[in-house]
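Letters A, B, C and D mark the chains in the order given here, with residues in each chain numbered from 1 onward.
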Amino acid sequence: MDVVINEVLSILSSAAIASVIALGLGITFRLMGIINLAHGEFMMIGAYAAVYAGAIGLPWPLGLLAGVLAAAVVGALAEVLIVRWLYSSPELSILGTYGLSIVLIQGVQVTLGKGYLYSSNPFPGAIEVFGVAYPIYRLVLIGAAAVLFLIILLLLNATPLGTKIRAVAADGKLAETLGIRSSRLNLVVFTASAALAGLAGVLVGPLGNVRPDMGADYIFTAFVIVIIAGNSIVRLIPAAILVSTVQNLMTFWIDPMVAKIAVLVIALLVLQGLRRTPGEVTV
Amino acid sequence: MRRLHWLLLLLPLLCLFVSNYYSGLVGQYAILGATAALLAFSWGYAGVLHFFHVVAFGLGAYSVGWFALNLGPDGLWLGLLVAVLLTGGVAFLLGIAGLGKNYSFMTFALVTFVVVLALEQIAVQFTAVTGGFNGLSNIPRLGFGDWRLSGSMNALVLATVAVLLVIGLRWLSTTPYGVALRAVRDAPRRMGSFGVDVPAMRISVFVLTSAATGLLGGLFATQTQFVSPSDIGLAFGTSILVWTMLGSKTTLLGPFLAAIGINFATTGLSESLVDYWLLIMGVVFVVVVRFLPEGFGVWLVRILPSRWRRAPHVEVRRAAPEAPRDAAVGGAAPEFVVEQLSVAYGSNRVLQDVGLHVSPGEVLCLIGPNGAGKSTVLNALSAVIRVESGRWRFGDRQFQGRSPWRIARDGLSRKYQHPSIATDLTVGQNLALAVWGPRYRFRRLLWQRWEIEIEPSAWRILEAGGLDARLDQLAAELSHGQRQMLELAMALANPCDVLLLDEPAAGMTKVEAATLASLITEIARDARPAVIVVEHDLELIRTVADRVVVLQNGGVLAEGTYAEVEADVRVQEAYLGTEAQHG
Amino acid sequence: MQIKPRWSVPLAAATAAALLFGMSACSQEPGGGSEAPSGDAGALKIGLTVDLSGVGSMIGTPGKMVAELAVEEINAAGGVNGQQLELVVADNGGLPQNTKTAATRLVESDQVAALFAPVDSASRDAAMPTVVDADIPFFYPTLTEGQVCAPYLFSTANTPQQQLQETIPVVQELEGKTKWFLIGNDYVYPRTSLEAAREFNEAAGGEVVGEEYVPLGTTDFQAVISQIRSSDAELLLPVVVGADTVAFEKQAYDAGIGANVLPRLTISYDDNTMAALGQDIAQNMYVGMGYDMDLDTPENRAFVEAYRAKFGDSAPAVTAYSIYVYATIKAWADAVTTAGSTALADVAEAIVGQVNTTPAGEVTILDNRYAQESIHLIKYVEGGEKEFVQTFDNVIPAETCSVS
Amino acid sequence: MAELERATPNAGVGLEVRGLRAGYDGSEVLHGLDLTVAPGEIVAVLGRNGMGKSTLVNTLSGSIAPIAGSIHLDGVDVTTAAPSARFRRGLRTFRQERPVFPELTVAQNLSMVGVKSMAKPSSYFEFLAKRGGQAAGTLSGGEQKMLAMARMASGGGSMWILDEPTEGLQPSNVERSGAIVLEAAERGCGVLLVEQHLNIALKVASRWYLMENGLLVESGDVGPDTRRYIFGRISV
């Protein structure tokens, strides 16, 4: 029995991590129509800031804050300097953000060095859950993901700012004639998505490896989840759970490689079914 | 253009004068340059962005490697053949799935992105064929039996193949097929209505470029004698995308030279500033995306002497005027008849049992307040939208249920409201595509020469619009009125029995509208097509209309000569809101 | 601005010239990084291709440093047969394709007398065809799964079989446990290592209760961890590499199967990995490696002193992945001195059987071009300290391939 | 071109447009327009569609950048200002197609201009009272236009530009919209009403322009016989 519980908890914690990463990517994809290949690098910046904050003795919550702020600042700078000109065409957004990710990785390598960083686990050890010893930190992650999604969804659907953001996403020209400065709003939304990536980076740091090109490991799964979720932020959660379930179960029962290929096949089927990405006119 | 090609052929010769090391690099980087040019042909010319080029390159390299290592050195020729067939086949399947009717630019790019990720994993895992992480090594060079080329000779052959491929692509881009690709990129719907098979064009260019990339991948493997998963992964694929973009995707030479230049710079300089090199490349790339999204190549083309850049001249001749058709058929002249035409969008009924009849040479004007269904009638008759019910024929030729290009081929042609001609092409090229569209399958465009015959009525419109002297001018440089004239001429380029005109005078000045009116009357009199005009400009309607039909809420409100309709009270009410006042 | 046709000819010539200039600028470019003045006709050149960019540089950078130290020491002692040595370095950027290009440049353009390549096995395979034509010795001085023999290929670092053969029985004895679980990344090096491990476990009376492979770049090890937990494993033998190592060990520790509960014997966790894991997770882990910077032998103390003196205390740690570059350059120099020539046949004849005293202990190259050398069993204890449990000298590489 | 007869009491100068030329990607639709709207004045722009009326509205709102000419609002040059900047200067626009956000609810559409409760909007059009939570996309074409008009009415502003606000509405709602426009003018707001239907336009406007082929060909004050004169010019 406890194998099943362990499996469920594993799936939930994997889904929690994946959905937090996919949340930032989904926001830029769904609300701003751009594909942000530098999303992983904002995670890395968050993780680095948290590690350096920890190194100078700051407690974990301040480290978390440092990570989020660092990623937000870099995100805002990136938006003002390059991303602002990418909204017009999706293909430019791919190339522009790809260049941005090179600059961020190489920039960190040249300044902070290339080695692995030690990121300590703020909640070490395990506790009894339904009779199964399960790492505390992963339970914290599940909680954090749930709270984060609640906040974002509430903000988008229940606050005036959220309404304005969705309005600009739906029809930028009309929103502009109603007095909404779409360029300023885009800056806010992109900075927020970078901050979310930073937060994800801080949360993932203790589980994995903090190094300049750590972003690449997570981007693949986040991408698949955003594709499967289509054009809705809410559907990121079921999509994350689906991908984690397939990956965990297949790895456990069949073979890790088959699991990875299975997730890709799901993404291809969804893309074929979807026929066109959200908000894009086909001919 | 010839001089440029001879200059390119200089590149392979370099292999003879430099050390074995550098000739090897020339060979490799020429192949990568040609791969970038192929991607530019698909992405910049046909508007199809994809990551499949890296899969094709990898499949080619692996197939040459596997066959050469398992069937002996000469196995590599079979490997090259398999490379081309395999990549072409996989590209065909992907094309059928993704480039069909509801092609979406972003979705297709994402699909091929995911395919690359999958294949990179499989290459590492599928050790039996791909040699896994270590890949395949000691792949033999080109040659027969024991006679194998040396490093530099092998590179010479590769560089020559690459240059010839680029020259071939440049030739292909000036053929009607290449020009039609650019038209499909700019105005897919319009080209479709001319009868150009848009999906087939896209699939053919995707398969062609992928198969060629597969060949290049195979040749590349004979030069490096090695292939491994990390060499054909996503990083490799994205760097080709980067070179193509920097070199500018709307040219072929740009990406070719950009790929070679950047690679040489990378090997030459990277030792001394190893840490900073990638950072510099990243910054340069971001700056280019921001300030010069169309890449360096476009500058290169602009400073090239214009004589080298001129689009091919189109020889346009007037067809001999045919005997008037209606006299030919005994008894009643064939009429264009529309019966019980009904169209509904979901629950909202837009047209209800509309009936029309127009005899050859007669001009019928459709008018009514907007939202009355005028454009819907034209869309239904030209099969741009599906009808709920209704039949329409000219003489005994039925049109309902046929696809748009078959209708165009059977003599029912249409001019759209907003001129959607291919602005990147010259006037002559646009006309040529209008003439060939309904007649030829796209393969015929490959060896078609640039000379066409257009109907006298179309020639008359060109003269009226002053376009007969501007056949080699880019359509982008025409005024709004001239674009409308060109669109009209394209609709009349082939013989047509029924002509549908959707607001031909929209956006025209008074003078242009007046000349258009006299032209329509003249064409109706000479070529005697049955003409239906949807228009708001009352002066135009007054001068051209033999009969007027007033539509309201999807039904025929009134019919008759212009004077009768003008006097009809119900029409005034429909046009001017609630109470109509007399006088 | 209408360009008149007569401009086209000079324009075309300009582009061609730019291309040629680009290339010629490259050829005069000296190997870079070498101390000796460039173009020194009399110097005897040796080539080093190494990964200086990306995360692979954690092996490449120390490799380059120890190579420079070796050349400096040899030149200080009079060079080789009176000739000063010159080290020519080429960065391969971590890609096999670039290693091929770098090797070709060193061999054909710089005419080096020997090539040293501490790179991954895919890059080694890429570079080998070039060296075959040049008839010079090709030294592969980093950890390798072996299995490849050639007259010109000298693999002087540890093979998995050497690292496991003596250490498995000792760990079983010390811990009093026999049930092993094997886990590794899914490619040739871990597969070969775990195959050898299974052999030695059974030979030492142990038992393999589970074996699992995960793709490179895995970030979530929960499924594998639950498999380990549900098997009754007592000892773990992980051959996980790079970033996956840190992710696996952290998640295992959190899940309650850290080294404190399930001791590890590993052959791929070097100082950099252990530093990234942190003291608690590293505690109670056994490592079987040919070298460790804290080895307490006179040769190693002298080497570390010289290394710190030249590069300072913050220089990257030298590990089993990079020390053999130093040892092999010196061995090559001695062989050339005894043979009196740098030709492959003479060097090979001299170097086979030559006993070299190195910071990692005695290293002797056998006729199948692999090296018999010492293996140290190190245990990480409280507070990140290392305990040198046992040293096995002259462990013979049981490579089956032969050179004839 | 009829001159402005009497100086209006309000201090602001209202809307002034000089030599305006604009169009879409290269093809010019407006060939040089001059018009003025004083605060508190309702001016109608009449003409059949296809004459460039919507292009004029989109250029004045800032959605399209003009090719030449100038636009001044209360004396300030807003020719190249962003639409949001013009909004802050008091400009309010009613677009002909898709005037509302279909994905957002009726209440959220209204909240875009700071309207919190449904009371005020439903005072103009009762049907809005019970539709607050409903997505605007589910309303009919006419209802969407009334929602947009309610948004205009509750959104303040010193200069209104409306593009065929009454098209497709039944007579009672056309009257209601007319009343809203009159009410706005009374509190000193200038209104430019672009209309194809003469009746409602001439009922509320005090001055008119006639638009043909991208030019304002005639203008004048609204008098008893204006309706018959213009009817002759643009009718069938």
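Rule of thumb we're sticking to: a contact is a pair of C-beta atoms (placed from the backbone, for glycine too) under 8 Å apart; a residue touches a chain by one contact, two chains touch by 3 or more.
Note that the structure is predicted; figures quoted are calculated from it, not measured.
Of all chains, the one whose CA centroid is most distant from that of subunit C is D. For the pairs B-D and B-C, the count of C-beta pairs in contact is higher at B-C.
Work out the mean CA point of subunit B and of subunit D, and you get 41 Å between them.
Here the CA centre of subunit B is 53 Å from the CA centre of subunit C.
Averaged C-alpha coordinates put the centre of subunit A at 37 Å from the centre of subunit B. Residue positions of subunit A with contacts to 2 or more other chains are 109, 257, 260.
Among the residues of subunit B, those in touch with two or more other chains are 121, 125, 275, 278. For subunit C, residues touching at least two other chains, in rising order: 53, 186, 215. Two chains count as a pair here when they touch; such pairs are A-B, A-C, A-D, B-C, B-D. The residues of subunit A lying in touch with subunit D in their complex are 160, 163-164, 166-167, 170-171, 173-183. Remark: subunit B residues 367, 369-371, 419, 476, 479-480, 483, 503, 506-510, 513, 536-538, 565-566, 571-572, 575-579, 581, 583 touch subunit D in the complex.
The touching residues of subunit C, when paired with subunit A in their complex, are 53-55, 57-58, 186, 213-215, 217-220, 222-224, 226-227, 229-230, 243-247, 250-251, 253-256, 272-273, 275-278, 280, 316.
In the complex of the two chains, the subunit D residues touching subunit B come out as 23, 26-29, 31, 48-50, 52, 168, 171, 196-200, 213-214, 227-228, 231, 235-236.
Those residues of subunit A that touch subunit C in the complex are listed here as 3, 6-7, 10, 13-14, 17, 109, 114-118, 120-121, 124-126, 133-135, 137-138, 204, 206-209, 211-214, 216-218, 247-249, 251-252, 256-257, 260.
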